[in-house]
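Pasting in a structure now, in structure tokens, and then I'll have a few things to ask.
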Amino acid sequence: MTTERAVLPEDVTADDMMTVAAARMLTDGTACFVGIGLPSMAANLARRTHAPNLVLIYESGTIGAKPAVLPLSIGDGELAETADTVVSVPEVFNYWLQPGRIDVGFLGAAQIDRHANINTTIIGGDYAHPRVRLPGAGGAPEIAASCGEVVVIVRQSLRAFVERVEFVTSVGFGDGPGDRERLGLRGRGPVKVITDLGVLEPDPETCELILTHVHPGVDPDRARAATGWQLRVAADLHVTSPPTAPELRALRLLVPAKGS
Amino acid sequence: MTTERAVLPEDVTADDMMTVAAARMLTDGTACFVGIGLPSMAANLARRTHAPNLVLIYESGTIGAKPAVLPLSIGDGELAETADTVVSVPEVFNYWLQPGRIDVGFLGAAQIDRHANINTTIIGGDYAHPRVRLPGAGGAPEIAASCGEVVVIVRQSLRAFVERVEFVTSVGFGDGPGDRERLGLRGRGPVKVITDLGVLEPDPETCELILTHVHPGVDPDRARAATGWQLRVAADLHVTSPPTAPELRALRLLVPAKGS
Amino acid sequence: MAPIVSLDQALAEVVHDGDSVALEGFTHLIPFAAAHELIRQRRRDLTLIRLTPDLVCDQLIGAGCVRKLVFSWGGNPGVGSLHRFRDAVEHGHPHPLEIDEHSHAGMANRYVAGASGLPFGVLRGYSGTDLVGHTDTIRPITCPFTGERLTAVAALRPDVAVVHAQRADRAGNVQLWGILGVQKEAILASARAVVTVEEIVDELEPRPGAIVIPAWVVTCVAEVPGGARPSYAHGYYDRDNEGYRAWDAISRERAAFAAWLEDEVFGRDGAAA
Amino acid sequence: MAPIVSLDQALAEVVHDGDSVALEGFTHLIPFAAAHELIRQRRRDLTLIRLTPDLVCDQLIGAGCVRKLVFSWGGNPGVGSLHRFRDAVEHGHPHPLEIDEHSHAGMANRYVAGASGLPFGVLRGYSGTDLVGHTDTIRPITCPFTGERLTAVAALRPDVAVVHAQRADRAGNVQLWGILGVQKEAILASARAVVTVEEIVDELEPRPGAIVIPAWVVTCVAEVPGGARPSYAHGYYDRDNEGYRAWDAISRERAAFAAWLEDEVFGRDGAAA
């Protein structure tokens, strides 16, 4: 169990580390369906570092977008101007996402549970009278269902990492092994959950998310304390390698450090 | 019963009269789904005479085509160059034809029967071993089903006008009253069959095609003799008015008279 | 073939209280000016249909125009919550809001079915999600060839579609380009369609990536330059991202929103728009 | 991302005996050169899939490459019959031809279903026609919301799509414009796709009405100027209507066709094409 306590350089935040770690999950030349926010940031970082031929697909129908500036929405004009082609919203979901042509789906989450199910619909109360009404599904349910695999990016906290999501907006592994097949979900589902503390991966046996990586300077106990279920730690826990100079340079060009 | 025997001028053939009579069926400002051959000729004649704002739609996805020359196929480049918009073949059938947006479908036929059902599939033998294999359905079945109404153009002969088509490629009135509703066909179906001898229309009671017009110089008996069922003649049989000078001029520009 | 009229006339004639109104434009070409005119005309009990209710729906909901929302993602893109939408769902203010909630793929296929004259669309979706339990517009369907279980969604057939586009010609043929969203489907699925445009031109000179909606499927067209702000019109002006960020503060408190409504909506004239 | 190869290499690597091959192009951009190369390579037992089998299918059928034809309209547009097709159906020459016959709307929806990863498509069609009784790829389906009876058609999932387009860039991104037909659907419904183009260019300068097929869904591209003749390539050359008329005489007699095959197909070189 490798637990040398490397720490991150002063100028690298946990969010920076999370974004860099997420970007590293993307293989050059593959196609990635990109959610807005952290996923978009990480995907665009990947395209500027090790994956220049990453094909970015946004639910706005922009296929092969190469934004020079980070888009605020999934429908910024920049995406259409730089795309290989722009198709209608029905087409991007029916012809491109649904058949499983897209290798990786990159999603965020408000709540994620032990079996990597995602909630972006309500928190507290019931559906008719929620305490907090979240935006809802968007493209996520079908991205989670049909992409070859799914990578989730979410900050780790007791609020976000729960035993069981209050509302299943997008299915990870349902109640466990065999559920994706039973539900007819053809993609492999979530293979990695990238947080500001480390990386979680599903246990092949139980489909339960376990901690496989911590970021430099993060004690596994901190990750446990930020998780709403008994988080298991992989026998061979790894420490994420800190951002390289080129990764940091590219990240800073993408998102200037706070205050700069 | 008006039966003054006007005759057509020397230079006007029965086909010319058929085309002119068919063109007259189209109302300016309506949308017309055009089959190739005689229908296309008649529709383009209408656009050059009384219906300049007729919207021509071809199954090649050319919507609002304004061909300067008569196309040989339903996919000539001229149609795309002059169209208001060009859509894919799935779109023209799903978004434009199927919902019933198109007022008139203009069809040809190899065989048509007493109830205006159309055969363009086989003649003689059986389906597996036909004596004559015809081209088949193309867009006709759905044009016949979904256009507001249908106009058929076909030369009248014992071979073409049969008691019952050997193969129902496109449904007119099936076996008679109520069949279109029963089959879920939402358009009114064939309202006119224009031939080189006259015009047939369905009897509102029986949906049987009866002779309502003869072209100038045509005796109703000639039409009867060219029909494979006991053709009834309307009590108030009319004689088609011969082509006007402007109609003839436009027709000649469209299709030069044989030998000229 | 589609008359060119003023914004207020267009909406007064085409949109009535209680109508179901598809207000589309996917981030791009959102018909803000038309929505503000609906507020000025004090339309009530509308069923608002939109994949991504963003500021435009927050405003209509806060102004009390909306009885029911049919949607798939209700947020302020890249910023956060829609506070008027949340206030309606969480506290029933200004009055309770009925919702019919879907995913983007489901909504897109509901429009496609409507545009195609079909009662339903089919997709691989919703399976295993809790969305299924909260609407009657999602049902299972079995493939008659393979026996495979898939999902059917009910067609959308709005009374009216309201969209914004870059241009129309004097006959009312509409041209739009850039991100296409579901506008064509929304227009073709709806019984009537109002289109606002940046400009009326003599000739729709062809453009790469542009689609044309023929005038004969459009009810009327109104020329409203800037009609999509703070959203954008590709080739005319950019998205006002600052405006989207600023909305968070404006919409957070009922009073601030009411003041905004007075100044920015009721304080302006649709005929002049 | 899609390799640029020679015509003969492209087809030798991608199309095998017994494959189902979608050969599309709706009057426009018909891949004649690719079809002739299939004849030269003496492919056998192909299931040929095409809405409008015209001369290109007449040639493949007459040359004995085709075991089964999946189609919706088999004629010589504006001219008349396809004599080789008729000879195969009526007399089993050069050998019997199995057929799966549909309407254009049905075929289009079968491609759409295939491109969408669905096992079937739904349409209002075939009801009351005799087409229903002669194929098992048409079945009734009931709307789970309204109970309405509609028609389902089985998805098309060809082994290979072969299409012709105007241009590709060096990465293999394909651009086509004019009449679009079902080429995009055919490519996306198929396991592999070969695209022949009029020219390879450095940059796909955007064009009105053009669609782009990304290289990552294309298997390989071959540059074949004139590859659609006697069909046409919008912006490059016109349809050879005389050639279509002339085909009637060439194809009417088996001997004349055999002579044409020797001279025009086997007498030419695919690598040079």
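Order of writing sets the labels: A, B, C and D. Residues in every chain begin at 1.
Criterion: a residue touches a chain if its C-beta (ideal position, glycine included) is under 8 Å from a C-beta of that chain, and two chains touch if they have at least 3 such contacts.
Because the structure is a prediction, the values reported are computed rather than measured.
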(message) Spelling it out: a chain qualifies if it touches chain A and also touches chain D; which chains qualify?
(response) C
(request) Please work out which of B-C and A-C is bridged by more C-beta pairs in contact, and write that pair. (result) A-C
(request) Could you grab the centroid distance between chain C and chain D? Build each centroid from C-alpha atoms only and quote it in angstrom. (result) 39
(request) Averaging only over C-alpha atoms, locate the centres of chain B and chain D and give their separation in whole Å. (result) 29
(request) Name the residues of chain B that each touch 2 or more other chains. (result) 94, 98, 146
(request) Spell out, as numbers or ranges, the residues of chain C touching 2 or more other chains. (result) 112, 117-118, 123-124, 148, 150, 184-185, 209
(message) Strictly by the criterion at the top, what is the full list of touching chain pairs?
(response) A-C, A-D, B-C, B-D, C-D
(message) Touching residues of chain B toward chain D in the complex: what are they?
(response) 36-37, 59-62, 71-77, 79-80, 86-90, 93-94, 97-98, 121, 127, 129-142, 145-146, 167-171, 174, 179, 183-186
(request) Sort out for me which residues of chain A touch chain D in the complex. (result) 29, 31, 53, 55, 63-64, 84-85, 94-95, 98-101, 146
(request) Going by the contact rule at the top, pick out the chain C residues touching chain A in the complex. (result) 26-28, 51-52, 71-75, 77-79, 81-82, 85-86, 89-90, 101-105, 108-109, 111-112, 123-131, 134, 148-150, 178-182, 184-185, 209, 232, 234, 238-239, 241, 244
(message) Please output the residues of chain D touching chain A within their complex, sorted ascending.
(response) 1, 115-118, 173, 184-185, 188, 211-214, 216-217
(request) Mind listing the chain D positions that touch chain C in their complex? (result) 117-120, 122-124, 137, 139-141, 143-146, 148, 150, 152, 154, 206-210
